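We call the chains A, B, C and D, going by the order they appear; numbering starts again at 1 in every chain.
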Amino acid sequence: MELPILSLLLLFPLIGAVITFMMGKNPKLAKISALVFSAIPLVLSLLMLTEYVQTAGGYQFKESFTWIESLGISYILGVDGISVPMVFLTTLLVFLAIIFSWDIDHRTNQYMGLMLVLELGVLGVFIALDYFLFYIFWEVVLIPMYFLINVWGGPRRGYAAIKFFIYTHVASLVMLLGIFALYFEAASVNGFNSFSMETINAVSPFFGNTFQVIVFGALFFGFAVKMPSFPFHTWLPDAHVEAPTGGSVLLAGLLLKMGSYGVIRIAFPALPDGAHEWQWVMVALAILSIVYGAIMCLAQKDLKKMVAYSSISHMGIVMLGFATFTELGIAAGVLQMFAHGLITAVLFMMCGVVQHKTGTRNIPRLGGLAAKMPFAATFMMIGFLASLGLPGMVGFVAEFSVFTATFDAFGWLLLIPITSVAITAGYYIWAMQRTLFGPLTKEVDVEHLHDVYWFEALPLAVLSGFIVLFGMFPALVLDYIRPALGAVIGLLGGI
Amino acid sequence: MDILEYAWLIPVLPLLAFVIVGFLGSKMKDKGGIVSILGVGAGMVIALWSAYELLTTGRIYRDSFEWVILSSDYSLEMGIFLDSVAAMMLIVVSFISFLVVIYSTAYMHDEGPRRHRYFTEICLFVGVMLGLVLANNFFQMFVFWELVGLCSYLLIGFWFERPSAARAAKKAFLVTRVGDVMFMIGLFILFTELHTLNYESVWAALDTADPAMMAFAAFFLFGGAIGKSAQFPLHDWLPDAMEGPTTVSALIHAATMVNAGVYLVARAFPIIATSAEVSLFVGAIGGITAFLAATMALCAPKIKGVLAYSTVSQLGYMILGLGAGAFLWNKGYHVEASIAFGAGLFHLMNHAFFKGQLFLGAGSVIHYVDTEELSRMGGLGKYMKVTSITMLISCLSIAGIPPLSGFWSKDEVLSVTFDAGDAGLTFMVLWVLGVLTAFMTAFYMFRMWFMVFKGQPREGSKQAIEHGHHHEAPIAMLAPLVILAALAFGSGFSLFIGDGFFGAIYYEHAHVLSIGERLEEVFTSPLTYVSIVAAVGGIMLAYYSFYKPKISAEKVVAKGFPKAMHQLLLDRYKFPVAYDKIGYAGLYGFSLLLDKFDRYIIDGIVNGISAFLIRAGGTVRKLQNGFVQSYATLLLFGVSVVLILLYVVGALR
Amino acid sequence: MDYSAIYPELILALFAIAVPAVNILVKDSRFLAGFSLAGVGLSMLAVVMHFVEGTGRVVFDTGLLVLDDFSGLFMLVFLTVAFLVILASIRYIEDERHKAEYYSLILLATVGMMLVAASTDLFVLYIGIEITSLSSYALVAFRKKDIKGAEAATKYFIFGGISSAFTLFGISLVYGLTGTTSFQEVGVLVGTLDGYREMLWLALVMVMVGFGFKVAMVPFHSWAPDVYEGAPTTITAMLAAGSKKMGFVAMFKFFLIGMLAIKADWDVVVAILSIVTMTLGNLAALNQTSIKRMLAYSSIAQAGYILMALPVGTEYAVTGGIFHILTHAFMKGGAFIAVATLATVAIGDRISDYKGLAKRSNFMAFSITILLFSLAGIPPLAGFASKVVLFSSPIMGTVAGSEWMVWLAVAGIINSAISLYYYARVVKYMYVDELDEGAPSERLKLPKGMAAAVAICVLAVIGIGVFPEYFIQLCQNAAQALFA
Amino acid sequence: MIPLEFVLIVSSALFAIGAAGVILKKNAIQVLMAIELMLNAANINLVAFSTYFGDAKGQGFALISIGIAAAEVTIGLAILLNLNKLRKTVDVDDINLLRW
């Protein structure tokens, strides 16, 4: 038998976390073990990328064992074209985030261990094919993030951490109720209990309409909070502002994706009719998030808070793409998830760098950094430009296709979200002008201003490389995504 | 061998140079100057060669591949589409880029290590600009369109530590971005209506497409051009863009990038031509821009300012020509239309040469006197012979004095506008504006020239002269000046080479005339003399007010309406203020408002809930007062309540 | 006559009586503890034998007591609790006098609980409850020098007296209405008593008071926080994990066998009570300063969750209820024992006393974290597994057609979200906050027995969480046995 | 013989009096006695019903519950004595150290 890649993907972070936690005495060793144990999943995911048969579609590398028989819960793992890029993104970002956090000296072993636990949770979410399993991983993610914010966070970390914890916990519990409803409804159709996604989604056409509408509401609430979509977004800025850089990178790069992933993996296939009934709500929220988030960015003084709000705006684009229910829109949405993961990682790392070197993230107090730290400035520009959708960078194709799909589906309604393209350019370019350019400000300690260290430059360089690579050859990702969409579109009544 | 097979190298070689300079430039002793010259030069060689191939054989070269398949019915392609128009653009872009890069090696010499960044960005620019020219579909054009925008942003902000430069860069990016958004919308319309963005497929599909949507598409695409070619009302970024190095102004903001908009209009010409309204709109924007910019140039205090406004104005001419053409086509005058089409592009080419030359000349002047203020120059003629003479040629050319290049193209543009006047009266008005513009152009160009090279040296030039470098700029700077001056003089004669310009570059109907016919056509029409008179009149006025002061400009603008007008022009019709009002007061203010909303309403609700719960917890907790008898009472009370509940529910059931 | 049905009770009762006698011969307290542990062990063995042999339902001669999967499971729960409590008590009551009585009382209380589990008749059930109550009154008052203990005992006793009076009166009414007190027969007869509906309701409520008192169900809960706080912590553990569960057993039997016929009359009311209970418990727990009191309120909230099973009333729901009782016994028992453990090493029961605990004892901090998160229902811990079954049961009901049940689930999840706040607070104190300057920072030397007890609970919580299958099976069988 | 209703009325009254006493009396001993009243009210019921049905079960149970009540009183008094020793009071209004 060939090796169970997916189980190994989960196993190594787990082992790594345990081992790393034990290295309280020796921080250096803790870092190295964390690095190793995050490198292994990265290798595995690369292996998976090569082994995966793009054209085949459907779930591959499947593993399935009965777990809790009496409730029909089983341990089912599998990946399709939607989850493959996410898995790669996860392993990559965790690995880089660990490198980036090389200078963590406070409770190093715990920090690194938590990073690995986080990886475990997120990977689990992306590869679980059983609703129960999915939910467990979904919740597992919260705890390490709670500690990351709460122990290594900024001044108001206590507030931010508990807000994040409870807000998203409420959301996931509501989602859980929805999953229960699905479970019983499917059981009444099938005549046997099962939490397996495929089993439940297979009978989704038999679910009553009102049932679908209500349950979709529950699920969508859970996901909308996670994405986060206006008006359920307020936990995000606080969490980001307080979280340590590594935490923010994973929070924005991966945790938000879990929300949109849930929509495409669960809400749509399981409740197609519900999706159709809710379409306009989704569109409205998506557009609101896009424009609202973009305008909010203009107002922000804190660089990191600005980036946080930009995440809201960009995840709105994902949602908009999904809400078109067209192959183009959904494919673009998934691509945008991937793109945003890479880009936002760079942005938050840069926030960390600026904070680190200058001791402040307050845009008005910054200025002229480009003169003293050219490399940092370059990375920051790459991040900003990629995020504002510059062609040749990964974000552009996704954004462009989403808007194409939007015009295709909703016509002139496009004119509202498209404004964000200009506004986004507005706040990024303006922020660049005020932080990187102009004369150096008094507030910043010019003498000791130091350019990026190796452990900061390396991840940034790698990410920038990927941003450009996938920007020039989006097909590299899209060829995984597109064949997998047939199933979803089919259920949604497309194609 | 067929050189066109290698056309893809045209952008790739400069981009190669970009990569090499980018990564290794800092190590090189000249910070990548030579490499850039080689890269751009090699690109130019192939470009000129293939342009020659194209123009002589008149063939069209196509090549493309599917870049990314988005979905079963949407895919984006990248490719090459080379026709005579592209060939003309190739000549202009590659050649001027090459000259400018050479010029830069000398001009930027004092910048030291920073040249590394400069050459990197210049190479990138040349590469993507050529890519834009090669594009075979609107999407690809948009991709490179954005990238040239990026380069312009970076290069305007080259001296980023200057707040003014940083601000100018931001303004350039954002204002053009507004245009880009419209461009994007246009793309979406085409894409969803026709499911392709390939030039030829789009042109072919026009007859069957929904005319209303096509009109919208044309309108939005032109919106892109408005931004990039600095047309009214998005023109105001270009004057600020002069914060960049003069070479950059010459290359990007005079000769190449700003023409991208015109090129877009040329490519979208058939789409625009489907709608009379849009064509009219295009023409009107062109005419208005030409006029407004010219007025602002009249009293611009800085040498580069004059040139910047003049650029905007000339771009207006081109757009006017194309708009008139589209209008004529729509009205069925196909031959005139194709001439107009050619005229616009003809002016594009000529303008690229003489304006490039003027900027480079201005560069060498600034290089010499270290100031941009016209009021601090003067009397430099005898110290900078080459510069002054070459610039004089360009001035004459742009003023439209026969037989220099500017004359031919400007005359064509005006005459086609006049023709369009038959079909729609608006164009008559535009023609009048055009003529006035011609007059003003002649005036402000010579105002500049006289103020720089003639009269008594004012303090700026005095210092320069006393500081005793009485020598002209180095050869690396002079050579490009001379070459360009030659072209500024002669590029117009392309009318008489082979089938002539209009025989090579036209829309649908070639317009081949023998030299005699051409000359006859030009010099028999009264319009020609109108424009000549306008030009000469402008020069005369300038001569008498700035060289042999019979008229004192100061006196004229000293008081009353002229004064107010003068001030208004110096304030650029308050456009910068308006932009700031929209940007800061409007959008930023609103965002601050929204921030409050977010903080106190949306987040307020969230925090409110938790606060409420905790306070409720406090109260509930206080109920537990510790007296066992109150507990007992609660118990009794509870029992009765439960009983009542049972009855109530029982009743309800 | 066949005593096999009551071997467990008999064994334990004999040991309970024997402990003081043994004390006369052997003074060593550890031996006493060991002896009583042996008793618990033997009794457990007896129960386990029943499961192993799979002798279904064994009835004691006149049918007042049975040993089936339901009662057996609960006997196991009670015995386990007793085991843990005794194990933890060894060090906890070292310096007290009358240890023999202490142990024997614990055993007696357990016997009472087991009787309740085994009973098929209201009278027997009442007797069982009383046995437990009387011994636990004494246990709460066990620390004679402790003012708080005395006060707690007084309150517990007075409140308990009242509620048992209510129960007795209620039982008498039931007896008067039906002429019988056997659940089965009552269950058959209540359906026929349309004329006496109101009377029946009165009886139902009065009986409910006594049971509600045990499970600390609002509005009969008010004794719980005070008593839990005042009592010796090990005893608190027993009250929370043991006698509380006995109350549920009684309720299951009374409502789902005795009063099932008129379920439509009371289900909504009980549902409301359950919601009120969980909400009030959680709210009051939000800003407690004493961890014991916080846990007391939290166990009121947990009682609210378990009460869900009654109004839903399906076999699945009862499975969930039983499962949550099972897991809660470990979570809450473990939590209280952990508090007791820390008390023996001079860490007070203020939440703030737990500051930086992770520095001083990783084991304790970790254990408490696991137990609390399990209480909050964070996967993959036991609390989550049981909550899944419990909370999904009303959804099942909803999907099956009775829409109002969904509110039970909604209230449930909202409450567990709220509860997360105060659980996380403790965790934050232990892990996030640093030790204050000058505060003792040397590592803690934990008493073996107590640590072992805590460890057992933690392992159980994790084990049940990850591999719940077997336990769910047990609970299912129990539920089936109940409805049989 | 006395009709059942009368007995029930008496027992209910007794129960009510007991309940009132529990709430109103300040002295813990009196509260204890009030509880006893409530218990006995229940016992009266049991006896009455058992005679009414004519089966001995009720009476037997009444006897048992009296026994239990006795035990309860014993423990109760013990607790109160200890309380009195520690706090020098058996007034229920003085014992609220444990609250909130």
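By definition in this document, contacts are C-beta pairs under 8 Å (C-beta built on N, C-alpha and C of every residue); 3 or more make two chains touch, one makes a residue touch a chain.
Computed from a prediction, not measured in an experiment: that's the story for all the values here.
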Intersection of contact partners for chain B and chain C = A, D
Identify the chain whose mean C-alpha position lies nearest to the mean of all protein C-alpha atoms shown.
-> A
Chain whose mean Cα position lies farthest from chain A | D
Distance in whole angstrom between the CA centres of chain A and chain B is 38
Whole-Å separation of chain centres (CA-atom averages), chain A against chain D | 65
Geometric centre distance via CA averages, chain D-chain C, whole Å = 26
Could you put a whole-Å number on the gap between the CA centroids of chain A and chain C?
-> 42
Interface hub residues of chain B, defined as touching at least two other chains = 610, 621, 624, 626, 628, 632
Can you tell me which residues of chain A touch two or more of the remaining chains?
-> 166
Going through chain C residue by residue, note those that touch at least 2 other chains and give them in order.
-> 154-155, 158, 162, 166, 225-226, 418, 421
Using the contact rule from the top, write out all pairs of chains that touch.
-> A-B, A-C, B-C, B-D, C-D
In the complex, chain B residues that touch chain A | 67-74, 76, 142-144, 146-147, 150, 153, 157, 160-163, 165-167, 169-170, 173-174, 177-178, 180-181, 184-185, 187-189, 191-192, 583, 587-588, 590-592, 594-595, 598, 602-603, 606, 610
State the interface residues of chain C toward chain D in the complex, per the touch definition above.
-> 123, 126-127, 130, 133-134, 137-138, 141, 144-145, 147-148, 150-155, 157-158, 161-162, 164-166, 168-169, 171-173, 175-176, 179, 181, 225-227, 229-230, 293
For chain C, which residues count as touching chain A in their complex?
-> 373, 378-380, 384, 388-389, 391-392, 395-396, 398-400, 406, 409-410, 413-414, 416-418, 420-421, 424-425, 428, 431-432, 468-469, 472-473, 476
State the interface residues of chain B toward chain D in the complex, per the touch definition above.
-> 621-622, 624-629, 632-633, 636
Which positions of chain D touch chain C when the two form their complex?
-> 8, 15, 18-19, 22, 28, 31-32, 35, 38-39, 41-43, 45-46, 48-50, 52-53, 55, 57-58, 61, 64-65, 68, 71-72, 75-76, 78-80, 82-83, 86-87, 92, 95-100
